[in-house]
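Structures follow.
You will see chain A twice below: alongside chain B first, and alongside chain C after that.
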Partner chain A sequence: MIFRAVLSHYRRHPLQLLALWLILTLATALWSGVWTLTGQARDSMQAGEAQLSGGQQLAPEDGSPVTVDDFVSLRRQGLCVIPWLEVAPTDARGRVVGIDPLAMACAEGDAPGAGMALDGEPFVDIAEAARLAESGRSARLRLYLMDGEQPLPAGWHRPPDPSRLSTGELADSFLLNLDALGILVVLVSALLIRSVYTLGLAQRRESLVLLERYGITRRRLRRCLLAELVILAGLGLVPGYLLGLRLADGLSGGFGAAMDNLFETTLLTTGESTTGFLVTLAVVLLVVLWCGLDLLRGGPAQGRPRFHPGLATACLLVGLVLLLVAGSLVTVFLGTGLMLAGAGLLTPLLVVRYLTPSPWAPPLTLWRRRELGVLSGRLALPMVALQLAAGTVIAVHALVSTFEDTFHDWLGQRLAGDLFVEVPDDRSLAPVASLLESDPAVAHWHPVIRGTATIGVGSGEQGVDLMATDTRSGLIRRWSLLESVADPWQAVGEGQVLVNEQLARRQGLAPGDQLMVGFGEGQRSIRVAGIYADYGRPAGEILMDRRYLPERFVPDFRSLTIALADMGNGSGTALVSALASAWQVDDLSVRDNDTIHRLANRVFDQTFALTRSISYLTLVLAGLALLMTGWVVLRSRAWYYHLLSAWGLTARERRRVVMTLAAEFMALIWAAALPVGITLTWVLVSRINPVAFGWSLPMAIYPGYWLELLGLFALAAVTVGWLASIGHDGKPGTMPVQAGGQER
Partner chain B sequence: MNWTALFLAWLAGLSLILSGCGESPDTEGFAGLAETPPASSFAQPSPSDGIELPDDWGPHPDHRIEWWYLTANLRTEGGDPLGLQWTQFRQGLVAPDQAGGSPPASRWPLQAAWMAHGAVSFRGQHWFSERFARGGIGQAGAQAEPLRVWLDHWQLEATGSNQWRLEASGDGWSYRLTLVPGERVIRHGDQGFSVKSDSGFGSMYFSLVDIGITGTVKVDGTEYRVAGTGWLDREWSSQFLRSDQQGWDWFALRLDNGGRLMAFRVGRGGEAFRSGTWVAADGSVHALSGDQVEMVPLTSRETDHGQVPAAWRIRVPAHGVDITVRAPEGEYWNRGLYPYWESPVTVTGSHRGEGYMELTGYARP
Partner chain C sequence: MTSVSVSGLRKTYDAGTGPVTVFTGLSLELPPGESLALTGPSGSGKSTLMNILCGLESIDAGDVQVLGKSATALSTDQWAELRRRRIGVVFQDSNLMPAMTLAENIRLRADLAGRSFGPVNDWLERLGLAGLGDRYPDQVSGGQRQRAALAMVFAMGPDLVLADEPTGSLDRHTATQVSDALFHWQRQQGCGLILASHDLALAGRCDHRLDLAAEGRP
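Then we have the complex of A and B:
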């Protein structure tokens, strides 16, 4: 009976109940979705590690490619060796890894396949991978020795493993980045849920007081309200969690592809997990507890919002110092968190200061300022939530746009060519070199030889990617370098190397430094001539002129980059036929510039798809919550607005005043979001990105986008204003309750 | 004989591994070994097949499953008994009429899968290892002449006239043995066709029951010179286990009067199918039908994996056999993909002797 009376509020305000449930559900969906995805990615990385944990790659000392016979021979000698057949991705299908579950049993010391989640893409039986390799896809067989203590047979050695090149924990940092975004979502949605709930509670004060007068103890009432909150949270939790799984499922395709492309980590679908549900439950309970704190303290927070200028300033200062000195991602996040907290605490204070009306202002402006002050107090929590959400969206947009611009320029330099022709195995470059030199259809050309090398790190070695090319080529010399010695291409032509930004950052290399580079036949000390941007590659890479490659260097991949003098009249086709004929092969693997551009763009779209989706969904959530709370608050103050008629304002004018009020309020939030957005942009591009991806970006801001966002806010303001003013024309509205000298 | 249940369990596991799905194959007639053969099928064994040696030492790709199975009761120089086991299984995954020839190794074909088990039982302790390999690439295989059966570095191979060498090793154990197989080959059942169920399904099955063995066995870092006698089973089939048949109890016993007894029981209780072979001291071989063999568990032993009947009474009244077969103290679980009990045994009663006992279907799930 009491419970029915307590719940009667929602009978009168069903939309409020619906909105509260919706926000709970959506917020739960968002954070459980992010949690599920990052959890899956982490499990996948651990599974990838576990597959080869303790394993070391084995390779013939003579550099010849590994064969099935080698595998059999090593197994017959008693070595626990497992095969790993990696097939390169194509347009239609991603990377495929062929494994032999039967062979892996010796590594696990248990039944084959036990404890491994290697079912599903990209893991396939090695026979399937071999079939794909036979169909023309580039493939490479590797062997891993799973017992490092076993002595190696003659003719074999342990080379640096290209698939295990040091990536500086990039993948983990990438996920940490998403986790941080997930935590931000939790914070924003917790603010929203609390604000919506406390608003509803304030509205119900009257009926609760009435129930007390009927003899129901306050303690019992609180228990009822807490029970109601828990039930509501429960109702939101289950569909929210399920929706989160669907969300994760929907985003996992792109996210999985991004993980695969960026870090060669395959996303394994792990489905529902008890832990995932429990974490979501714990978060919901924490949020509910926060909402319920007021109940435990004896009712919703009383009086004006409390400001903590000292705390806000301290948060901002400490956060800034942490951001400036941070060496790890966790410190960066901590600093960012403190900065955001400081901004959240400071914003209502600044808004109130700003709104302090000047006594000389026109009466209506004076009234609007005062009313805005009241609204800022009432809507402090959703206002801060929307400010943080909008700030995040601004920052993510700036990051993605800056990246797109930078990446397109970079890709344009890297793919300066019309045709990219794969050199067939066992074919020399010599027969085609003279052909390409003499063909008038060819404007420029250069070979690209890819393989692996080692660099000396301390007393040990570390594997890096190696690219060798003809650095005299006009196409290569168009590359812009981040840093370099004077005349870097001349230096590279004389035997020096360039290193990618990732390697330079990781090893603290600068132009002019010496680097110990090993090619499997001893090390050479080589001078670093410059540093180039190398987006998307987690590993370090060195670039050198191919004339300085050791004669016995065994490349993983060779190709020719060809710029045609004239793309028309089938010159490309004729050239490819001539190359095939020179190499005496029937077919050549050829890719054109468009295909490669498309592939590369797809990779980077996928990289930011999730970040972008989460930030927009958070904005939508915050916007919804603000619409709802704004609407409720404005409607609760309809009585005051009606009093404006005493000033001679017509209903139409009053509506316009309310609209203006809503617009000013939204503009305030928008303005407050800008510094947050700019700071976050700086944190993302200059602090987080180098740690999470290994490369940095120039800082850029996009005021055009801010205006677009302002337009969106204006739309929200008009909607709130319109919703608040409809149905009140000519009616006086309800006079607010006076309790303890405070209007409610 | 016996390994079918074990093998089927392996197949179940194998099919899970290879298919990557979690559905239990038990409901599907043990990974295809149902009563009704599939349309494109492996060859079915029958009494008319007969046993042809030395060819039948080699693989039978027309049949779905087969194995080479050695158990041995040895003694160290100090007189301590030591039991050992070596087994190699082949499972055909693609029927010969679907295989379309032998693809090159570079395609990593999976037309057959192989499994090998090795175990040593000594002073109440038991060491066991399991290995797997795909057929068709040379990692595992078998050939009849000269005999060679291998999986990785485990290998049984003929090293001379009437002499084989067996080498295998695992965690904490290894052995290197010389085997003298002898001339006597026991064909079980009807000309080597051994029935395994009332409906008449069976396998081709023959044994060498008195293999002279010498060599070295190393356990926990200590090497022992050993000598003794082994029993090697050779068996192949395509299907013979009904999906409702559960549990196998198998015995291979050498009695001190020169008699040799192989007896097995498929299933439990009154519905169990029993069969066996009695080899008299004079060398005559007698196939035993179910009503000629009585096998009763006497005592159970509580172990980590469940209760195991560690002592049995076996009677073959027609040949005056009434014996008690007992496993030594200890636990003899082969803790592989599918745990089963494999222990040396001593024989008392109407005859004394020793041998091996395999029990499947007793492990707690």
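Then we have the complex of A and C:
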């Protein structure tokens, strides 16, 4: 019976119950969605490591590609060698790895890919992978030796694997980034749930006090309220969790592609898991307990919001100092957390205490400002949640836009040609070089030779990608460099190398440093002439002039980049035919600029799909919570807006006053979100991004986007103001029960 | 010209469970500068009539004249203008904006009425609130809050004051202080006063009295 009396509040305010349930459900969906995706990413990374950890890669010493004949020959020599056929991704399908379950028998379960389902995620039977390779998809066969103690056969060595050696630290940082995003989402939504709940509790104060007067102990009331909270959490948990799985499923496409592009790791979509559900349950219970903490401590009746100026300032200052001096990603996150906490604690305080108007301001303006102070105090939690969510969205937008602009310029430099022609296997460049030089349709051209080299790291060596080209080409010299010695292209033309930013950061290389580079036939000490930006992948890379490549260097891939004098008159088709004829092949693999641009842009979109989606969803959740709480709070002030009518304000004037009030409140949150957004942008581009992805970006801000966000806030303000003013035109509001008590 | 004149007033409203008829032909008259007490039990329509007389509720039939204006002829904006400049309204409680000091509340009301708010402190003093101008409503007693509400009303120099249970939430002693102030300043300013109250002693201090339980009821 007592429980029914406690719950009777929701019979009178069903919308409030719905709002609380909705917020709990949506927040649970966000947590479980982010948790599921990060869990999948972590599992995928670990599976990727495990797949490769069983064996050591073998490669011919002369650098020639591995063939099926090599595999047969090595097995005949008694070596436990496992084939691994990797087929490159296409628009329609991700990366596929062909493995041979029969060949794995000798490895007794330790083989790469052993125990994995052959369902295309990413493993398939090697026969199917071979069929895909034959159908035109680019593929590469690798061999793994399972017994590391066995002596290597003549002509074979264990090459360093660039992808294995370089991505580990980056992958950890990437996962840490996702975890940080997840924690931010939990914090913001926890603030929202708490604010919606405590607001409801404040409205029930009178009836709870009445029950106390009827002789029900405060302890019993608290137990009832806690039980109500747990039941509500339970009702929100299951639909929220299921919704989260759907959310993860919806985002997994783009996210999986991003994982593939960034780390060559296929996302293992494992669906629902008991752990995921238990973690979500634990988070929901923690948040609910946090909401109920006041109940356990002091009972249902709470006074005005409390501010902690000392704590807020300390958090902010320590956070900023940590961000400035931090050397590791964990410290950066700690500093960011403290900075956000400080900003969140300080904002309502600043609004309430320091936005006081002059006592000589027009009385109605004075009233609006004072009312703004009341709203800021009452809505402090959802206000801070929206401030942090908006700050995050501003920062993520700045990061993505800066990357978009930088990436666009960078891509323009890299894809300066019109045609990209793959050089057929076993064909030399010589027959086509004279043709390209003499063809008037060709404005510029240069060959690109890609392969693998090693660099000396301490006492060992590490594999890196190698790109060799004609550095005298006008197309190459358009590249802008992040850092360089004087006249870097001249230096590269004389045998020095350029390194990509990822490699420079990882190895601490600067222009002028010496680098030991191995090409499979001994090492050379080469000077670094400069550092170039290289986005969207983690591998280290060296760029050099092809004239300095050893003659015996065997490339993985060769192509020609051709800029045509005039693309419109079919000269491209004629040129491709002429090249095919010079090489005496029927067909050539040719890609045009547009196709590559499209592919590259897709990679770009996928890279930030998750970050962007989660930050927008958090903003929507925060906005929704603010709409609900703002509406409830404004309605609770309806009597005072009615007083304005009694004092002679017309209905239109009163609506305008309430709407202006709501607009000023939203504008305040927007303004408070800007410094948070700018600081977070700086943290992302200058502190987190270089560690998490391996490359940095310039710091840029986008005031146009701030204004767009302001427009969105204005829309929310109009909605809240309108909701607060409808239904009261011409009618008196309800007089506050505790007049002169807690309304200020 | 009378301050208020009502004849044949009919009013029905929807209570959610069906229409409720409040008045079926109510008539009353209040000469200028005089006071009228509306009495009757809860639900007899005292507050409804007060809302009608200040234009916050409409009527179904009859004739209502307030300060020489016909209620049905006035638009809602014209009613608002009348309330703003000529009609002072006092409720049982919560007459003040809680986030503003007593002085600021008085300034706001005077400003809306287009009056100078220079003599705010004079009005505080006249109502026995000297030195309390910087206090917020929750920092003063209920009686002081009601006197501040009277200061707000009389500072605007009204032609008509509508007081709905102005002492309803006060103890007898404080209620007497507040009603003394109310009648004193009503007579000083020569404005009309309509007072709704359960308190027959208070009603007895008015020049006229109308029992809504007996008049114009279905």
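Going forward, the second predicted complex is superposed on the first by the 710 of 744 C-alpha atoms of A that agree within 3 Å, B and C clash if a C-alpha of one lies under 4 Å from a C-alpha of the other, contacts with A are read in each partner's own complex, and residues count from 1 in each chain.
As a working rule, a residue touches a chain if its C-beta (ideal position, glycine included) is under 8 Å from a C-beta of that chain, and two chains touch if they have at least 3 such contacts.
Since we're looking at a predicted model, the values are computed, not measured.
Using the contact criterion defined above for the overlaid structures, shared-chain residue A:L643 touches chain C, although it does not reach chain B.
Of the two partner chains placed by the overlay, only chain C lies in contact with A:W367; chain B stays clear of it. In the superposition on chain A, A:T313 makes contact with neither chain B nor chain C.
Of the two partner chains placed around the shared chain by superposition, neither chain B nor chain C is touched by A:T595.
In the overlay built on the shared chain, the residue A:A651 is in contact with chain C alone; chain B does not reach it. Residues of chain A that touch chain B in their complex: 67-69, 71-72, 75-78, 83, 85, 98, 100-103, 105-106, 109, 111-113, 118-120, 125-127, 129-131, 134. Per the touch definition, chain B reaches chain A in the complex via residues 13-14, 16-18, 20-21, 105-110, 113-114, 130-134, 137-139, 150, 152-153, 169, 171, 336-337.
Residues 51, 54, 56-58, 76-77, 80-85, 89, 91-100, 104, 107-109, 111-113, 117, 136-138, 140, 142, 145, 169 of chain C are the ones that touch chain A when the two sit in their complex. Chain A makes touch with chain C in their complex at residues 359, 362-364, 366-367, 370-371, 373-374, 639-640, 643, 645-653, 730-732, 735-736, 739-744.
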